[in-house]
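Following this message is one structure expressed as structure tokens.
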Amino acid sequence: MTFDETCNRISRFTTDRDWDQFHSSENLAKSIAIEAGELLECFQWGPCTDRNALREELADVMNYCIQLAQNEGFDICEILNDKIDKNEKKYPVEKSRGVSTKYDKL
Amino acid sequence: MTFDETCNRISRFTTDRDWDQFHSSENLAKSIAIEAGELLECFQWGPCTDRNALREELADVMNYCIQLAQNEGFDICEILNDKIDKNEKKYPVEKSRGVSTKYDKL
Amino acid sequence: MTFDETCNRISRFTTDRDWDQFHSSENLAKSIAIEAGELLECFQWGPCTDRNALREELADVMNYCIQLAQNEGFDICEILNDKIDKNEKKYPVEKSRGVSTKYDKL
Amino acid sequence: MTFDETCNRISRFTTDRDWDQFHSSENLAKSIAIEAGELLECFQWGPCTDRNALREELADVMNYCIQLAQNEGFDICEILNDKIDKNEKKYPVEKSRGVSTKYDKL
């Protein structure tokens, strides 16, 4: 299944259950933070030891991200590429190579 | 740009800066949680009033999710579809229509 | 200043600014997650190098926690001790010494 | 039990289980973010309906905050009061009364 088909399937899942009423952008943003916490739990005390949990938690975060994009009418590839454009300016290769310094301290 | 091309661009951005050394799966999971907090900040006191911030913060979360998937060798469409399969079993349409109840209390 | 006096000062800070209208329990829970993300940012790529930021971000998380407790009428010492009581049962010393295993897998 | 006695009890709980080895400041910061996500889950789709879960999740966040303060040798009342001092300057009563605007936009 392509990425676009997968996004359509996610949209249908919600519509079929009449869950759009719960899925305000605000509730989706909360859900992303909640699932990001569960994903982080895979690494709470060190490297992840449960690869299956990792797969599922990452899918949960991405699933809610896709729903938030759909809710807001964002084109996912467009917002990703716009942000990479911006990051390329904030982090020029020659200044940022090999350092994790934040752009405002480069 | 397609989703696959966008993912390749994200991968190249990191490699070009020799940042793979910082991007362990654990650090990426932390980064997802950090960016999810920034995304949530758009809704801290109510509906989001800065649509541009929302676009960018959502892109940041997704960007790190894509990097974590790449790091772990996960196929994004596969992990998304596997999780939807599972959710369809946990939340059958007839039992979950119109209710936000968690599956273990359905 | 004692802990109780500090809590009173936090409560007064909000009342003086007429901010109680924004500080619903839900908004405070979001604020705790947002500040927890900022705290985590101190450790995004490894050990924290900015001790002052760490102090401040931890204070921000605790400040909102105290406000949420006040909002809900919780006695902070009581909820902490009740949870420790429960954890002592979930994690008996002899079974959990030196292992980070979650209680449901002990 | 006073707040100081409660903090001592939390410290003893960890020492008794020889868990200090897992409780680096970084792992505690991750734990705070994880528990903040669980706290937020109480409000995922709207107002909290499980007051007992709310009590426990808030206690979990605060418990890890106290441990992080202990780990770093921070005096909790001191860091809270220092931050309130700072916030009083960032948010003067006359400018911030009744508005949720962030200080850099006041």
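In this document, chain identifiers A, B, C and D correspond to the written order of the chains, with residue numbering beginning at 1 in each.
Rule of thumb we're sticking to: a contact is a pair of C-beta atoms (placed from the backbone, for glycine too) under 8 Å apart; a residue touches a chain by one contact, two chains touch by 3 or more.
Note that the structure is a prediction, hence the values are computed from the model and not measured.
Looking at C-D alongside A-C, one finds more C-beta pairs in contact between the chains of C-D. Chain centres here are Cα means. That of subunit A falls 26 Å from that of subunit C.
Subunit C and subunit D have Cα centroids separated by 2 Å.
Counting only residues that touch two or more partner chains, subunit B has 22, 30, 33, 36-37, 40, 43-46, 100.
Under the stated contact rule, the graph of chain-to-chain touches is complete, every pair of chains being in contact.
Across the complex, subunit D meets subunit C through its residues 1-4, 6, 9-10, 13, 16-19, 21-22, 25-26, 29-30, 32-33, 36-37, 39-40, 42-43, 46-48, 51, 54-56, 58-63, 65-66, 68-69, 72, 74, 76-77, 79-84, 86-88, 91, 93, 96-98, 100. Within the complex formed with subunit B, the residues of subunit D that make contact are 30, 33, 37, 44-45, 100.
Of all the residues in subunit D, the ones that touch subunit A in their complex are 22, 27, 30-31, 33-38, 40-41, 43-46.
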